[in-house]
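Each of the two complexes below includes chain A, the first together with chain B, the second together with chain C.
Coming up: the complex of A and B.
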């Protein structure tokens, strides 16, 4: 029973080990802590992969006495893989990107602790555990956002912290309303105990609205998105990669669990699905349109992240439609995976550029194709994938979301068409970065990429291309993960 | 075997990209070698096809099982003629790129990647695969225009990317609708499903698909990206854009619009014919006003593509045969014309018609071939364009006689702008610029030019073999609505 939590134990032990070993090391030797965290992540990833293998055959691993709190289904394992993969890439990249910085012990241990929180959030089926896990993951990232202390990171972290604390308050309030109505914090019990349409219906809707608003802040859905561009722009690039690729996805896993398992009584479902539909439409449109105006690549990536979160929000709206629910959720899951890799990769590419003190303005990227050929190539792959060009991962997942919304038909088709139009808009600003990287005349000299950062970029780029060319296994994994959520 | 038609150019792309570090010559000879090999392979495919081998489909493998997506490739007469055209025009395009000196590895790599995509479009019999190849063609085109184009290249590249991507995505929604109804992306499964589908659904799908094709062909009013793209792209890329990418649209219209949805197409045929007619005249009048010879050819190309669509819309055996014949013929002629504009810039240093006066005295080869190409384009009997346009008109006469009369009126217009252009440039008073023109012709210029000239003449004088081959496709198409 406890062995089911082995990956989490490993991460926890390594996180603590990093903190304690940090005290014994001289400043020059602290790079070791990065390698130690990397080792922890690799071990945990291997353990989760083994869990995935057995979950594929049995759908659900028995959690014994913990089964009121956690549920180790393929859905949870899918997200744990996403989080660990992102953490692995970011830590690998950070080994180079933060080489000249101090406080390495804190940096790596916070990152591991945050990952730990996310892994619990992926498995939690109890409101209290969900809240605690989300808080663990978030609080660690508040501190990470301030890493490499200067005016800009301080502003980023401050904004992120205030909004984060505020949104946590909203979430707790929503959760307490649900608890009051159902008398339980377990999602499965809530599902059966929630009253139907009656006097208390509006209290229930109020709870739902608070939850959507609270998690809306965490996924940076419009109109709760204001903090994201400032934070992603201000924070150190590897941290931005972690925030955009992992922390944001954690909010999605919590949302999916809470709404699909706990709140999908037929009456309620129609209402929140509509709310999510509106949210999705506004989020993707505003994110993409504002991204057009950005001259700073990190801000552009932040707004693109908002737009892409809008694509995932579509699938919540589709849950009320006639489309197959596992197709809709599976589409969302795959997009969460592919977006994590490509957006994380893109921020790491910015980190690789800033290693040579190359800024993140568009002009700074002029002729990056000559200066840092590998980084520029990887960035091109991430950007094309984000735009949804075939043979890259992003295309497959966007195709699935589009298929799900076309299958739903009616009003939902409108969301699909909006997705398509947004895709075209986004192609413009992604292509613009590529144009700067390859087609400008600025004189530059060739530089060698930092090796580990290059390795992280290559792994991410390889995954993006691999999923794009051989998507079969990933599509069926995300579809089975989705159906395990409903079983 | 057909998969190699896609793989070989990809290998060539990789080869020439890596070949750059060994110098320009290595990169371009790898590209030339693979394009020749691909051409050879496509001739072998032709031989097998004529030998009666089953090639529709030739191979099918599962790609994404959960969505019924397969890697299904096959050829019939129509796609085979386009495969042959692609292989041929690629040899021409590589030779036209002989003097590309900036980043040759990257250039030839992108060029050959595009060939893989084009081949894929013409071979794919799975609609998802078709769409994927269709989209992937656009990316190298974007980079090629952006990297090696004229002065306003980034604007032009961005425009072609965004416009045609928008069209393609609507097409994709149509394809997804077909899939959801059929449970598979396979051409054959969808075709079975459609025989029982209701008319409203088919009509919606058709319109979505049509938007994608109309952007690509392009038909007025979906053509606004074209003049910039054709003019700003480097010559070899313009050859490919006009010769092959526009054919993708026409091919899609025939393969998906007509073969899958014959009745629906028929109900919209008159409207499409009108749109095509507007294209023919609008582009012809605009061509009349151009000073830049490349822009003139670009608009003339739109006009001829309009003619092609007229042939498809006629839905008549002769008309559709003519349209498919026009795909090949227009591909050859427009390639020759754009090749010559490229040579003009190199030898004379300008594409402005008034500054090219007296070309024939200084550069006789260039001048006479330009005369030949213009005559071929305006439909001189004995050359391939005449055969195609005559068949299209004959087909149109039997279906929409009134439109056919109107279409005939465009012929003197076409003759007008070409002859006027020749009169001012080739035969006019010798201009200053032309005085200093170089009249020499190198082998890599002469070979493709003569190749195209010979083929245009051959197809004009003896169109029977190609017509006969095409006939099998157009007979099947017409049979779909109970004709013949």
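Coming up: the complex of A and C.
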């Protein structure tokens, strides 16, 4: 039983080791802590890959006495891989990006703790564990957002904290209502115990609305998105990469577990699916349209990340349709994976630029193709992939979401068409960055890329291109991960 | 008139609404922290009331976890607040406009 929690144990031990070893080191030696966290993440990633191999054959790994709390299916393992991959890239990039900063021990330790929370959130099938895991991941990132403690980061962190705490209030209140109605905190028991459409129906709807609003803040869906641009803009770029690529995805895994496993009783399914459909339409449209007006690249990436969250929200609406549920959820999972890599990579590219004190305004990126050719190339790949150009990862996952919505037909087709229109709109603001990077005649000097950041960018760019050119393995992985959620 | 579980839920909803209103209307960041505590504790009332009504202990365990998490959250929140005050010399969030809201 305990060996199934080995990856989490490794992360927990390394997180504690980092913060304790930090006390014994002189300030100059603290770079070692980054390498230590990197080692922990690599070991955990290897262990999860081994789990993935055995889960492929047996579908579900038996969690023994913990099976009321956690469920180690391919779905959970898929998300653990996403979180560990993002954490690995961000820590690798941070080794260069935070070289001149203090408090390295706290930084890496908080990042590992946050990853630990996300990994538990991926496995949890009990409301209590989901809440504790989501909070572990969130509270660690509140502190990370304030890293560097200057005017911008503290303001970003305060906004993030207030909204984050408000959303946890909403989530726990919604969970308390569900517990009262069903008498259990286990999602599978809730699914069977929830009353049908009776006089308590409205209490049930209230609980569902609280949960959607609470997690809506965490995924930055549209009426709940105001914090995201400010926080991603103000926080240090590697932290923004982590927030956009990992923390947001954790909210999606919790949403999927709660709504698909616990709340898909026929009485409720139609209602929340419609709500998610409206949220998806508003979120992707507003995110992409507002992104057009942004002159700051980090803000632009934040709004694009809101728009991309809208694409993923489509699949929640599709659950009520006749379309194959594993196809819909699988499409969402693949988009979560590809978006994590490309958005994380794009923020790391901004971090690479700011290593040479290049700002994040559009004009600052003028002729970046000359100044930092590798960073500019990687950024171009990420932006093209975000826009959904064929032969990049973003195209594959968007195409899959489109396929699922076409299979659903009717009203759902409208969501698919909106997705295509939004992708066309988004091409404009992504291409604008590329134009600034390559077609501008500002005089610049060639600089050497920071090595580890360049390595992180190359890994992410390679993955984006690889998934785009050879998508088969990843599509089938996300499909079987999705079907394991329903079995 | 006896006190039923609905009275507790009503009280919890009232407290939650007060907390949410306080959070949305407050300018002072300390008052925001207090409002957040109110919202989390409203959920605790719900959990404990349901727990005794249903005769299951899950709710009380959940409430214990929520209390611990609220404490951790307040700790981090106050730390951010202090850092904010050192930078801006104020905790009035309306005056802090480095980033566009």
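Observations on the model:
As a working rule, the second predicted complex is superposed on the first by the 487 of 487 C-alpha atoms of A that agree within 3 Å, B and C clash if a C-alpha of one lies under 4 Å from a C-alpha of the other, contacts with A are read in each partner's own complex, and residues count from 1 in each chain.
Just so we're on the same page, a contact is a pair of C-beta atoms (placed from the backbone, for glycine too) under 8 Å apart; a residue touches a chain by one contact, two chains touch by 3 or more.
Quick caveat: nothing in here was measured; it's all calculated off a predicted structure.
In the superposed model, A:38 lies in contact with neither chain B nor chain C. Of the two partner chains placed by the overlay, only chain B lies in contact with A:402; chain C stays clear of it. After overlaying the two complexes on the shared chain, residue contacts for A:233 are found with chain C alone; chain B is out of touch. Touch criterion met: A:183 reaches chain C, while chain B stays clear of it. In the superposition on chain A, A:428 makes contact with chain B only, not with chain C. Within the superposed three-chain model, A:150 lies in touch with chain C and out of touch with chain B [touch as defined at top]. Of the two partner chains, chain C is the only one that A:132 touches; chain B does not reach it. Set side by side, chain B and chain C differ in how many residues of chain A they touch, and the one touching more is C. When the two complexes are superposed on chain A, none of the residues of chain A touches both chain B and chain C. Residues 384, 389-391, 395-396, 399, 402-403, 406-407, 416-417, 420-421, 423-424, 427-428, 431-432, 435, 438-439, 471-472, 475-476, 479 of chain A touch chain B in their complex. The touching residues of chain B, when paired with chain A in their complex, are 62-67, 131-133, 135-136, 139, 142-143, 146-147, 154, 157-158, 161-162, 165-166, 169-170, 172-173, 176-177, 179-180.
Put simply, chain A touches chain C in their complex at residues 127-128, 131-132, 135, 139, 142-143, 146, 149-152, 154-159, 161-162, 165-166, 168-170, 172-173, 175-177, 179-180, 183-185, 226, 229-230, 233-234.
Taken together, the chain C residues at the contact with chain A in this complex read 5, 9, 12, 16, 19-20, 23, 29, 32, 36, 39-40, 42-43, 46-47, 49-50, 53-54, 56, 58-59, 61-62, 65-66, 69, 72-73, 76-77, 79-81, 83-84, 86-88, 93, 96, 98-101.
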